[in-house]
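By letter and in written order, the chains are A, B and C; residue numbering begins at 1 in each of them.
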Amino acid sequence: MSDQELRRQHVAWPGNAVEVRSVIKTFNAGTPKQVDALVDIDLTVESGEFVSLIGPSGCGKSTLLRLIANLTEPTAGSIVVNGKPARQARVDQDYGMAFQQAGLFDWRTVVRNVELPLELKSWDRARRRARAMEMLELVKLDEFAGHRPWQLSGGMQQRVAIARALAAAPELLLMDEPFGALDEMTREHMQAELLRITAEAGTSVVFVTHSIPEAVFLADRVVVMSPRPGRITELVSVELGDPRNTDTREDPLFFKKVTEVREALRGIGAKSADELLIEGVAEER
Amino acid sequence: MTFRHVISTVWPPVLFGVAFLVAWELAVAAFDWQEYFLPAPSVIWQAFVDNSDIVREAAIVSGQNALVGLVVGTVLGVAMSFLLMRFRLLNDMVSPLAVALNAIPIVVLVAIFNNQFATTSEVPRRLMVTLIVYFVVLVNVAKGLRQVDATHLELLHSYAASPFDVLRKARVPNAVPYFFTALRVAAPLAVITAFVAEYFGGPQNGLGSRITATVSGSRATMWAYVLAAMLLGLLFYLVSIALESLTTQHRGASPKGDNT
Amino acid sequence: MRKAVLFLVALALVAAVWELYKSLGPEAGGEVLGWKIMPRTNRNAMPHVWDMTTRLFDPERRASGRAIWRVVLAGVWYSLRLAVLGLAVGATVGVLLAVLMARFGVVRRGLLPYLVVSQTVPLIALAPLVASWGGRLQPFGWEWPKWLSVVVLGAFLAFFPVSVGTLRGLEATPATSLELMRSYAATWGETLRKVRLPAAVPYIVPALRLAAAAAVVGVVVAEISTGQRGGIGRLVIEYGRTSSADPERLFTAVFGAAVLGLLMALLIAGMDWFVMRGRQRVEEYS
């Protein structure tokens, strides 16, 4: 069953995939250990859009992703996913998520790992297996269906994790530095694959990374964030056109956008990650 | 550890314990249980107090047996683990033997020991406790000495460190948590073994034999001895924990060995 | 292969040391630095290793009865079944308790100390208690058989290592997997079935190994304290009591106890292999 067929079974939300309004997230409020992770966050992800979140450590990009995923609740503000409150979206399984560790279960074969979200939706065995194999074909790992996760390389495991995240044909994909542990060549390959897969299905994606080239290559828009407290400093549109491939990486426009993002990260008046680190150390003394 | 933290760790077991005792006391009254079936906690406590002299004497006998076995077994276990670390051939011979002996109820050996020593000797019991403690300590400390982080070993190798240096600087510190894990298991085990060893014959002056003696007589007194036995076991356990907290600073590492 | 050979060499060395001490050691036992810790070496205390082994093939009572090895083997078989049953019951209870403690932090903090303390209760006190409780419960007029008390006591010693090991396994589930399940809005029960329990299996298996040995000890001691006939515990006591007349026989019973333990260990090893096929092992906790 293709994604389109699956989607037809429930009415797709015509509006924005994600709407984040005036969100504030504070940890340990009122104690000396208070951390203002996010402040004044407004973000809209349009349907079918690919958005990268980038920023130095501590800027709250992962926290923002987890707020959208409803793995944590905002201190103030609202988050609407697919036209519903984030919590409802999670309960309704409107998104698929991929983490930095593939997080596959080593007691299950590859195909059974991909079937996991479908089991929780009580699909019957035949339907599950068919869909899981379809997903594995999509990530070009169908030959390894009967293998165990530890028999696969890191990159392959992440592909399985992506297949799993897409198994239920979600309209939204949330990814937290999924390629962080991979080597550069595998990474570039995976980026191209991800774009191919999500373009085919029209999936909206929110992708957290701390690699500038990755952020630019993948996204329609790059959201640049700064730490202490975490806020969005700039939005960089990337009109590189589709499809993107290795040629894109050598396009002068690509370099221009990368430089634009880098400069946004350095910021005019805002400090670089290194400077912040030195400041932080000085403060501790 | 904050005060709040201490309270939150302590109240559940205290609450459970008190609730259990109260329920027990009430049940005995409500269902009119006979003493031979299950006496009430208050009756047991009374028997405990009434017989406190004999209880104490018996506890001391068993406690001494357990303590001697614990100390000797620990020393021998640690010494042997060092030897096994050093001599691979010895290790290969002893390990399968140790694994096999771990699976066997070696407590039955007391029957043999009783024939090898005078009938009034406490040595068979102490020997038994020593053996059991020895194996627990040996297995855990040997693992601690062996399973050192490969990166640490490579680092020392790059410093051209001798095997003795490696032992001192990497293996022994690594083994310390394993040692205390072993001690935590071995201490109450020593006490229990001291009791069980008494069932096989020999002088009938410890808590184990007192319990056997009173089983057919006054059940309340038997339970009083059981209470003493549990307290003795608890005492050994707490002392081993105290020793651990006194001698090691807090380590961030994950728990090693069999935790209780 | 080398290991097997070395194991046999080790056994031979033990026998050699035994005989060496027997020939050199003091007949009536001796002292080391004032402590009487040297065992006696007469036939009563230390029969020859060869005599012990040949005794296996002689009849039970010097002149009559079946060969000892048959009697001992029958005892082993009897106790083995009780130990397996005790292990099964104890393991089930242990896992259930661990799940309960993993689910409710209050239960964990409240109950765990008592579980630890419960292991210090001497079996010998529990045996008559369990027997008399069994006598009380007589559903539909069915009588509580004595061997069931033995099984209960075996289970009592077995449940503790299983519950501690399972609890540790349940709490060692990787955080990523738990977050994944949360992102699926899975219930606690679904997470338990699909993630926590399977992830805990590498911890449960070594715990079962400990529990199997504990069940054996529990069954043997319980047989002694309840006077249960037919098992190896009874044989050890009986042959121990008559060992002045027939010292080698006691050793045959001890060999039997050893075989009992080894058979249980073999059983667990088989289960280990079966359950852990295709899985990676976790560091073992012994």
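By our rule, contacts are C-beta pairs under 8 Å (C-beta built on N, C-alpha and C of every residue); 3 or more make two chains touch, one makes a residue touch a chain.
Just so it is clear, the model here is predicted, and its values are computed rather than measured.
Enquirer: So, comparing C-alpha centroids, which chain is the farthest one from chain C?
Expert: Most remote chain from chain C, centroid-wise, comes out as A.
Enquirer: Out of every possible chain pairing, name the one holding the most C-beta contact pairs.
Expert: Answer by contact count: the chains B-C.
Enquirer: Centre to centre, by mean C-alpha position, how many angstrom separate chain A and chain B?
Expert: Centre-to-centre distance between chain A and chain B: 52 Å.
Enquirer: Please work out the Cα centroid separation of chain B and chain C, and write it as a whole number of Å.
Expert: 16
Enquirer: Which positions of chain B touch chain C when the two form their complex?
Expert: It is residues 8-9, 12-13, 15-17, 20, 36-38, 89, 92-94, 96-97, 100, 102-105, 107-109, 111-118, 121, 123, 127, 139-140, 143, 147, 188, 191-192, 195-196, 199-201, 207-208, 211-212, 215, 222-223, 225-226, 229-230, 232-234, 237, 255-260 of chain B that touch chain C.
Enquirer: Which part of chain C faces chain B closely enough to touch in the complex?
Expert: 2-3, 6-7, 9-11, 13-14, 29, 36-37, 39-40, 44-46, 106-107, 109-114, 116-117, 119-125, 128-129, 132-133, 136, 161, 164-165, 168, 209-210, 212-213, 216-217, 220-221, 224-225, 233, 236-237, 239-240, 243-244, 247, 250-251, 253-254, 257-258, 260-262, 264-265, 283, 285-286
Enquirer: Can you check the complex and tell me which residues of chain C touch chain A?
Expert: 174, 176-177, 179-180, 182-186, 190, 194-195, 198-199, 201, 278-280
Enquirer: Could you list, by residue number, the parts of chain A that touch chain C in their complex?
Expert: 69, 71, 90-91, 93, 95, 97, 99-101, 103, 105-108, 116-117, 119-120, 148, 150
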